[in-house]
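Shared chain: chain A. Partners: chain B in the first complex, chain C in the second.
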Partner chain A sequence: MILLILVLIGCPEPPILIPTAIYLVSQMKKKGYKILISANFSAIKLLDIADYDKYYLSDVGVIDIDKGLKIIKEFNIEKIISFVNKDSEVSYTITYKEILNVPTYSIVFGKSINQDFIKTLEERDIKVYSARAYHNPIPVVNIIDKLVEEI
Partner chain B sequence: MACIDKLNYEILYKGSFKDCANYIRKNFKNIVDKNAGEEIIEGIFLIGISPIPVAYEDNYIIFPYTKPCYGTYVIKICLDEFKKKDDKKGNKKSLLELIKFW
Partner chain C sequence: MILLILVLIGCPEPPILIPTAIYLVSQMKKKGYKILISANFSAIKLLDIADYDKYYLSDVGVIDIDKGLKIIKEFNIEKIISFVNKDSEVSYTITYKEILNVPTYSIVFGKSINQDFIKTLEERDIKVYSARAYHNPIPVVNIIDKLVEEI
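On to the complex of A and B.
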């Protein structure tokens, strides 16, 4: 049975989101995990172009974040990792966790850290890693390293 | 997911998910609590924090609708719209058509 890590990506507006998502996928693949990305339509297109020759994203599955809600149970998802910058991403993370009922980790980031997002996620038993970052990816890269080590 | 743009809907409120859920609870009577991820009508899934309030009024359904980039809205849709959509069923895609591998 192949166990998958589901990576949730919502709105790709923050400049650091796509590069750090590719970094996360790359690090998880090095640990031997198979990755399924469930993302917003534009985020999928940005990922596709950012790694056009699929150096990092080869063998990675990808599905639309809304269509995924219907079929995600068909996959053996072991864990969920989500990027959270907006309220809608808190909602998607909690919804996917409720559907799959698997350990879930959220990377909460932004120009400022919204404590309400962290509280809401933690109330739902979601482990939160937070970093104040929007243009400079390094704070998020550092928490991804920590997350990958702990997961 | 069904494209909401193809339906006649009315936006009643825009805010965070919690604000939208509160708006529904404060402004409607006939409310049913549903779970996140539930498909309330063909192709439309509830996204948010359970219990999610869904209001039924006359021939309308009122619920919080979330899009990744735009946030959450309280929308009102006539149930007849969904009956029309149900008539057009039979176009289901298989699992492998929905997912692609790079």
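On to the complex of A and C.
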């Protein structure tokens, strides 16, 4: 049975999202994990173009974040990691966790850090990492390095 | 003498910018061109993280877009391609073209297409490709495919 890490990617509005998502997937793969990405339509297109030759995303599954809710139980998901910049991404994280009931980690980031998001996620027993970052990816890269070590 | 294509990348605010910039560089390299990127600070960091293993950006030079203005004449630039979403990027394109006096191509894109940008660039004999695109990269990808063919 192959155990998968599920990576949730919502709206790709923040400039750092796609680059750091590729970085996360790449670092997790180097640790031997298999990855499934559940993402919004534009995010999927952006990942596809940014890594056109599939150097980073080969053997990475990709599903639509809404359709995924209906079929995600068919996969053997071991853990969830979500990027959270907007309210809708808090909801996706909580909903996927409720369906799968597996350890869940959220990277909460943005021009400012939304404390309500952190509180809501932590109340659902979700481990939160947070960083103020929007154009410069380094604060989120540092979080990812820590997360990849700790997971 | 190695001839280079200069790719200008300004503010990375639009979600499609970094993925499509990597795609452009990758497609140009496949055609045998050598590439020099002149970009803003955050854009350089984002390119670095999105292609952490340097699968796409190996042997691609990267310089700061402001510092580049002072040293760009030292390189044998054959052509310029710029991404234009903001006013400042119109200025960078015109300034680099004035310094180098080589054929210049601009990809003007955004939530809407700014006709003033197109007019200003065309008045300076810059060839403009335009697309309404911000979250979904495909319209700009189609432009890049055309540009790579025509250049």
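As a convention for this text, the second predicted complex is superposed on the first by the 151 of 151 C-alpha atoms of A that agree within 3 Å, B and C clash if a C-alpha of one lies under 4 Å from a C-alpha of the other, contacts with A are read in each partner's own complex, and residues count from 1 in each chain.
By our rule, a contact is a pair of C-beta atoms (placed from the backbone, for glycine too) under 8 Å apart; a residue touches a chain by one contact, two chains touch by 3 or more.
Everything numeric in this text was worked out from a predicted model, so none of it was measured.
Undergrad: Classify the contacts of A:Y23 with the two partner chains as first (chain B alone), second (chain C alone), both, or neither.
TA: second
Undergrad: Spot which of chain B and chain C makes contact with more residues of chain A, would you?
TA: So, of the two partners, B touches more residues of chain A.
Undergrad: Classify the contacts of A:V62 with the two partner chains as first (chain B alone), second (chain C alone), both, or neither.
TA: A:V62 sits against chain B, while chain C stays out of touch.
Undergrad: Does chain B (first) or chain C (second) touch A:E13, or do both, or does neither?
TA: Both partners.
Undergrad: In the superposed arrangement, does A:N136 touch chain B (first), chain C (second), both or neither?
TA: second
Undergrad: Which partner chains sit in contact with A:Y52 here, chain B, chain C, both or neither? Use first/second/both/neither.
TA: second
Undergrad: Do any residues of chain A touch both chain B and chain C, and if so, which are they?
TA: Residues 11, 13, 42 of chain A touch both chain B and chain C.
Undergrad: Can you tell me which positions in chain C touch chain A when the two form their complex?
TA: The contact residues of chain C facing chain A are 11-20, 22-23, 26, 41-42, 45-47, 49-53, 55-56, 135-138, 141.
Undergrad: Could you please specify the touching residues of chain B with respect to chain A in the complex?
TA: My answer: residues 1, 16-18, 35-37, 39, 45-50, 66-72, 95, 98-102.
Undergrad: Which chain A residues qualify as touching chain B in the complex?
TA: 10-11, 13, 36, 40, 42-43, 48, 54, 57-67, 69-71, 74, 86-92, 94-96, 98-99, 120, 124
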